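Here come two complexes built around chain A, the first alongside chain B, the second alongside chain C.
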Partner chain A sequence: MSQQTNKVLPQGVAESDFRAALEQFRALLGAENVLVESEQLVSYTKIMMPGDVARNTPSAAVTATSVEQVQGVVRICNRYRIPVWTVSTGNNFGYGSAAPGQRGQIVLDLKKMNRILHIDAELGTALVEPGVTYQQLYDYLQEHDIPLMLSFPAPSAIASPLGNTMDRGVGYTPYGEHFLMQCGMELVLANGEIYRTGMGGVEGDNAWQVFKWGYGPTLDGMFTQANYGICTKLGFWLMPKPPVSMPIEIKFEEDTDISDIVEFIRPLRLAQVIPNAVVIAGVIWEAATCNTTRAQYTTEPGATPDSILKQIQKDKNLGAWNVYACLYGTREQVEVNLNIVRGALQQLGKGKLVTEEEAGGTQPFDYRAKLMTGVPNLQEFGLYNWRGGGGSMWFAPVSQARGSECDKQYGLAKQILNKHGLDYVGEFIVGWRDMHHVIDVLYDRTDDDERARAEACFNELLDEFEKRGYAVYRVNTQFQERVAQSYGTTKRRVEHALKRALDPNNILAPGKSGIDLNNGFEL
Partner chain B sequence: MDPKRRFLLKGMLASGAGGALLGSAGLAQAALGANRTGRVPTLLLSGSTEIENSFGAGVRAALPPGADFRPLRAGHVDAFAEACRSLSGNRPLRLIGMLDDASGELLIARARHAGARVSWLGLHAVDNRQTRHQIVNAPGTRTAVLALGEQLGTSAAGFALKSEQPFSEGRDLSLAGRRAGATTSDWATHLGHALAEPGRPVDSAALAARSARLEGRFVSFVIEV
Partner chain C sequence: MMTTTKPQPLRQLLLGCALLLSATAAVAESNRADGEQVYTRVCGHCHEAGVGPVIKGRNLPPSYITAIVRHGFRAMPAFRSAFIDDASLQAVAEYVGNSPAPGNKGKGKE
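Here is the complex of A and B:
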């Protein structure tokens, strides 16, 4: 039996109690599912945030294979007041990965709960466990010749639909707002009880994955980006695979075009002529994902000069902004909608439309087309090689889908990033009426000075955007307390009242989204 | 005073970790305890030909004749996939390698998913001005950190080496050097050697002859299944 060789303890837990808890975990899960040796835990410390690794080092990691085991883990944690940080597949790169939010928390890794419980080909629904990946689901649909299409984030192959949806992630298809497509959760509460949302509590019901609301208060949303329960099953809707999918790209030459692009796209998106979550990606993003690195152009420290960005744009045949959209339906429907898009573009008087045939299988068009048509891939990992050094933080403010707003956000973000010697590597994802402005703050973790600049930059981004009424929809674990402050004290007091009621011992992921009973918020 | 010894002492003072650090005289002794791998087969994964010719050359030089060793061909489209598959296999093995950041990120995620043991995880940034190395390692590979520090101290133009010890009570190790005019070309070869066989004496001249210059950003790792 492996003994704990690391010296990390959960906060406030005596070593003897922790040892007793580990014994009980072993009895419940089997010794091989209780990881306490340093070598077993190093991979859980792989972070991309600027703080020291020690801040996010677990005391142990445990893996469960059933809901009953999750209930058992929660009961042991309650008994010894051990804080537990849950991950599904832990591939939330740039948001915290598989590392716990606070030092000493144990990680409950649900990777082994990886059963696809049900796919309804006629109704287009799925019910999965936390460890299921999009690749696994894609393979299942292919093997069983089920004509349904997935929507997923860029690290699609290895990410978990459950994890991404619970963190309110987005994809690039018409079903790209993943939480909107969620239908039915099963949660293990802090006291070990099982709670099912929507129709899930009704004995013998078969509408759990088709009707979201059930009866009385609908609580699904409060369990997302939260720490009130551990999600062990998630239902969601899948889009019927259309007879024709036509991915297109529209390249725009100047970075000052962003306002016009958004005004051009919004009516088409609202009218569902373009039904998918359209992407408007900047030049570095697109260059990096087709294997361009900064070092190929310059080794000088600091922000990459605009003159080099223009050169990259030219060399790689990119736009300053690259719009990716997809049309779906019958051949006739797609043809009609394509003509509408062409007409609108002609009216705009700028932008070059590229079809899949014209792109000829080249990157980045190819991986973008795959993302919009439900084929998993990992091409976007190329972002991590742009600057290199392992640092990445997603800064993701939302805005109205208005050109003036996007123009303002882009200008402000670029100015702050460049001031700190970093690059604007961003894209806008066009939601129904909103924009997710997603910026990858890439930096070199091996460089102490750059780490410090990245941290200062992220703080300044949060501060300056907040002054103008903007806030992020999601953030890495290092900044979750800071972002919670942006949303106001009343919200925090309500959240802590719920926490106190549902998890009085504060064992479930304390600190998640700034919710931690040690914060002292009272309603 | 021997320059190596002076370098290490400076580092100990800089890091405040004097009590926790070994001097060069203690290296060999520590290495004996650290070489726990026995004769587990070694798989080498190099992310490029340059890595294969530097880091990989060090690994090859360290392993004794007849060692069960298999390199995965650099740049081969299936090499990464094969390495990932090996993590999930039943056969005990040691995967040593160096990749670009994107591939390294993916590989570590796969190692975690497979429940493999990661005893070394390094980030390296190297250009013609300096080298920077940030390591998270389990206690068993501490000797390799010291070996890398020793090599950088004697031959690197300018360097920063930081080793985080998140699981131990010992303090982190932080070393830096600003000496001008020396080469940075063989750090990766020495690192490959140190990770493959911490206890094997280093023939610096032979290693230098084998090594190729390596610049860029890299992730190094030792993973045991």
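Here is the complex of A and C:
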């Protein structure tokens, strides 16, 4: 019964030790929560990165349902030096999905820990377990008529606040920078101890979800995009649902307009006239999310010619760039702000403003409106049908919110993508002073040639951007070591020292963000 | 529509919820094997929106559906048993396999 048919072992672990560990996992979690057969593990290996799936094949997956079980898993992993990669809802598409970062790591899958522990309607706070999806939260708020609004990434319905925030993801409301809205974490450390950040360690405290900093060092950030602890509870803030939300789109005709658009948006965003994480989406992004596929226009391989893109823009009534913003408040507030936006647009002398009524329920306006008002949907997965074949890597360099910078990044990215026969499918997400320039490097993963080109392309994107002082904010697991190099060696030595101190057996997700006791970055 | 809740004074909104809540509420996602519910909350977001092909009304064999869901298929993500347990998957596969094609009630796409 306990036969291991997957034939993958954790690195450096003897088969007999692995078997012994599996027995202990079964005793702790129940046999049905310890998956080792290839057929059971197949869902963990649906990656979208170009590398061979063998690199990311787990030796086992275990599911825990309580904090005590997570502690138990960590103890067993320490005993046998078994590296463990944690996922919450495990839908980290384009960044590694639910597959472990390195071959042979076991996956600790926390999807079954799915309790909404607390919602405070007055203070607008939530405390959730790892497996709680945004859809579940949304349904809960609806059912109980709680007037709070969610902010989530586009895969809303199947993603989680905890997983998204631990990877420092973004959404589209005024609370779109999710880590900024995080307040209080509970972590199981590598030694099995439980650590609560902020006010969470104070006996009898009730301010854990309202005051972030606590006392002394504030360590929350250290646990995100990292491997120093397993998060088992996450607190975060929810925005009061405004009486009126008014999503708008502004279409711009030319791809050379990007610089002017950014200069137009920045002051409005900084002054909070437009308070949400505005998006400036390129034409292919728009086309794909209203279910347009490349094959409808051409069967030629390679980059899609600009002439076709112009045709699509015309056929589908899209802009070359499409700005999505939302105004929130009372009717009066929204009206005042809308007039300011209209005024600024008039000054700019280009751009066509579209209201929800004018859009009339069509895509992509409809799903953008939902993202900006906290209604779950999965419309953005239309991106994967543009070229088809299930290959996707996010290339997400950070940029200043400055027109000239965005223009430069756009030009450079497009040129490199096209050189490798791929398309620029990108959007800018406006933070406050920054842009997440998010580009979906889409390719057909079933086509070996295209897969190789995608890999070469991604390397070149990282290299050429780095030469100009740009780096990405997050990356898929195949490139995590490469990106760590961009951020300098001192950072890596500090991270190594922390790893040594907190996880001397190197069991928690070694390799995450390039942090691994085997990487040679001793202080 | 979803974007315009009735203009109410903020104070009124806040008072309304003070009554509703303050106690800790721990709620877990129900694990009922309700095929329709899984379809609506997961599959339908893509398969009723033109992102995935129509799968209702095609008499697709449940075993084919469950295999696609567990393995994923090109642009379609894989769903683990921790995400959709075996009983729920079987239920949704049977629900889809036995359903008539969806009516054309969706919103205009373009």
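Just so we're on the same page, the second predicted complex is superposed on the first by the 521 of 523 C-alpha atoms of A that agree within 3 Å, B and C clash if a C-alpha of one lies under 4 Å from a C-alpha of the other, contacts with A are read in each partner's own complex, and residues count from 1 in each chain.
Here, contacts are C-beta pairs under 8 Å (C-beta built on N, C-alpha and C of every residue); 3 or more make two chains touch, one makes a residue touch a chain.
Here the structure is a predicted model, which means the values were calculated and not measured.
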Handout entry: Contacts of A:L189 with chain B and chain C, given as first, second, both or neither
Key = neither
Practice task
Answer with first, second, both or neither: which of chain B and chain C does A:L117 touch in the superposed model?
Solution key: second
Practice task
Go through the superposed model and pick first if A:T57 touches only chain B, second if only chain C, both, or neither.
Solution key: first
Handout entry: In the superposition, chain B vs chain C on chain A residues touched
Key = C
Handout entry: Which superposed partner A:G388 touches (first chain B, second chain C, both, neither)
Key = both
Practice task
Pick one for A:L378: touches chain B only (first), chain C only (second), both, or neither.
Solution key: both
Practice task
Would you sort A:V132 into first (chain B), second (chain C), both or neither based on which partner it touches?
Solution key: second
Exercise for the section: Classify the contacts of A:L353 with the two partner chains as first (chain B alone), second (chain C alone), both, or neither. Expected result: neither
Exercise for the section: Once the structures are superposed on A, label A:L517 by its partner contacts, choosing first (chain B), second (chain C), both or neither. Expected result: neither
Practice task
Examine A:F93 and indicate which partner it touches, taking first as chain B and second as chain C; both and neither are also allowed.
Solution key: both
Handout entry: Touching both chain C and chain B, counted on chain A across the two superposed complexes
Key = 35, 40, 42-46, 63, 89-91, 93, 97-98, 111, 158, 378, 381-382, 384-385, 388-390, 445-446
Exercise for the section: Using the touch rule from the top, collect the residues of chain B that touch chain A in their complex. Expected result: 100-106, 108-113, 115-119, 121, 123-125, 127-128, 132-134, 136-140, 160, 162, 164, 166-169, 172, 216-217, 219, 224
Exercise for the section: Please name which positions on chain A make contact with chain B in the complex. Expected result: 5-8, 32, 35, 37-46, 48, 52-54, 57, 63, 89-91, 93, 97-98, 111, 158, 295, 299, 378, 381-385, 387-390, 444-448
Practice task
Using the touch rule from the top, collect the residues of chain C that touch chain A in their complex.
Solution key: 1-8, 10, 13-14, 16-18, 20-22, 24-29, 41-42, 45-46, 49-52, 70-83, 107-110
Completion exercise
In the complex, chain A touches chain C at residues 35, 40, 42-46, 61, 63, 89-91, 93, 97-98, 109, 111-112, 114-122, 131-133, 135-136, 139-140, 144-147, 157-158, 240-247, 290-292, 316, 330-331, 356, 360-363, 366, 369-370, 373, 375-379, 381-382, 384-385, 388-390, 445-446
